[in-house]
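One structure is given here, and the rest of the page talks about it.
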């Protein structure tokens, strides 16, 4: 940032002066998302068959798999936009807000994944939790990004927030492979008998695969819709704070004149 | 916006140049539009009530606070883009002394001098000048009086060869002798090319020291002209 | 002044502060000892179980102590504004990071030796000579990783509200790979639960990669993290 002009251009360009976070694009995505969710309910609960081994509990996977996919997607988005914020000359706050919004939904979707996953685990394996590599990595990922969100709330100026959280966001990327590596060697050394022979992979027939596909599409649309609205809401919050600064500035200057 | 400073300014005598600078503490605009110019060898008194923005102004000049709006350059370097180049030449003595209370006076001064690679002769000279050599040198900072701590911090500043001294209430906690010593030290330093900004409540003391006075009112600066 | 030289200065200064203040010796070491004792209570003083899980408990106690050590090492800097003073003095942030981390490594290593000794005395753990090389390598590589993560997040939390709670939230998930790796490697070194000596070395490579990744990443990230 080489200039410090009063108008935060990146803020205004995102919001475009509108008072709502919705645009034509978000409305289209919103409608498409609702339709896809309807399909998911129809296929997931009615049209797809129960699994030979897992019975009705297989239906939980139609939420479980898409949510973990979205969670990983959002952490990738957080990392990439943190990097773009940090390493581009412009240091646009738009990327910081995208990173933050994506991180928030990432945490929410991981929470949903863990919740649905443990319900499915109870039904299928007989236990809520298994210390396997994937589960453990996911749980640590969850806590790591809760930390990331805490860093975002530390306060300070917008650019200070952006710089700090971008660095922490990138450090998390450094951490994930190390966590995964450690957990994989750990679990491969200690072969525990799993309750089920498989670790959740099942022979899916056409309808089941299609249902899963619908789920992924529906949740991806939901994610995009949420992130668009959230980044715009964040832009508005930032703008509000900037406007608050203008008012405070005017007050402080008036205070000086009155003296 | 390109900064209005060309390469020649680096060699010129302008040490601080602020134009309409706004700086915030959280969302509070502690500086609401500071414009000032300070030349090499000046001893400038910053005069103003509590909360007027004196401390913020000093911290900004030290490169500790980001410039929210406006343009600022210190020692020929832009404060927005080149803070790292400004800092090594600036010494800030604020409400805190930046000392390690468990270490002795000499250890503290030596530590700060060593960060810039100053020789042990410079350390000794600095401690001598601030009157913390001799018996005091071996005393832990925790056991010093407020004035002695201040003198130790100043010795560290001298030892680390700061060109721009930003002093926040430097007379506070010093006895009469200490104040006079401090003043003569500051005059000496200014004569040998250091530039000094002093924020102070103790106006008679500071006014006799300063070559110029700047009023700080509600985050804005008003040049009150030459003192003498 | 090269960054490494300054880092060494800072580490030396930290160790000197500890030699004078004895805060870690008088408070953190007893805390770690008490932790080992209450693990014994929690596991019903069952020596069969305790000997089996001793390596994990040693590292767990190390990690809890790490949080205290990090808080202590940054309160030394923050108490009288020394961290600000370092930033004003233009001390290279990488040097601050490496210096603080190195000071922590020395303190942690000393603590780990004591904890291992406590495991021998309290839990009936045995140390075998054939695993000595693995044991020492593991301790050094794991400790470097712990110190790097601790310094990194300690510096981030140092200037902020709620630092006491933010530090463990950020640190503990990040050091999870170290806890897993170091525990397994020490099990191999000690032969706990018939663990093979050869199994330990793959963990050492993980711990080394971790230490290097966070050492380098932390040195680069530290500047932006502590700056305003």
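Read from first to last, the chains carry the letters A, B and C; within each, the first residue is number 1.
To be clear about the criterion, contacts are C-beta pairs under 8 Å (C-beta built on N, C-alpha and C of every residue); 3 or more make two chains touch, one makes a residue touch a chain.
On a predicted model such as this, the values are computed, not experimentally measured, just so you know.
Most remote chain with respect to subunit C, judged by CA-atom centres, is B.
Distance from per-chain Cα centroids to the pooled protein Cα centroid is smallest for C. Note on chain placement: the centre of subunit A and the centre of subunit B lie 46 Å apart, centres being C-alpha means. Per-chain CA centroids place subunit A at a distance of 32 Å from subunit C.
Subunit B and subunit C, compared by their mean Cα positions, are separated by 38 Å.
Counting partner chains per residue, subunit A has residues 155-157, 160 touching two or more of them.
Multi-chain contact residues, meaning those touching two or more other chains, occur in subunit C at positions 228.
Chain contacts: subunit B has residues 66 touching two or more partner chains. Of all residues in subunit C, those touching subunit A in their complex are 152, 156, 160-161, 166, 169-170, 172-174, 176-177, 180-181, 184, 199, 202-203, 206, 209-210, 213-214, 217, 221, 224-225, 227-228. Interface residues of subunit A facing subunit C in the complex, by the touch rule stated above, are 86, 140, 143-144, 146-147, 150-151, 154-157, 160, 163-164, 167-168, 170-171, 174-175, 178-179, 181-183, 185-186, 189.
Within the complex formed with subunit C, the subunit B residues making contact are 62-66, 84, 87-92, 94-103, 107, 111-112, 114-117, 140, 160.
Residue ranges of subunit A in contact with subunit B, taken from their complex: 1-6, 155-157, 159-160, 241, 244-245, 248-249, 252-253, 255-256, 259.
Only residues 1, 22, 24, 26-29, 32-33, 66-71, 80-81, 217-220 of subunit B touch subunit A when the two sit together in their complex.
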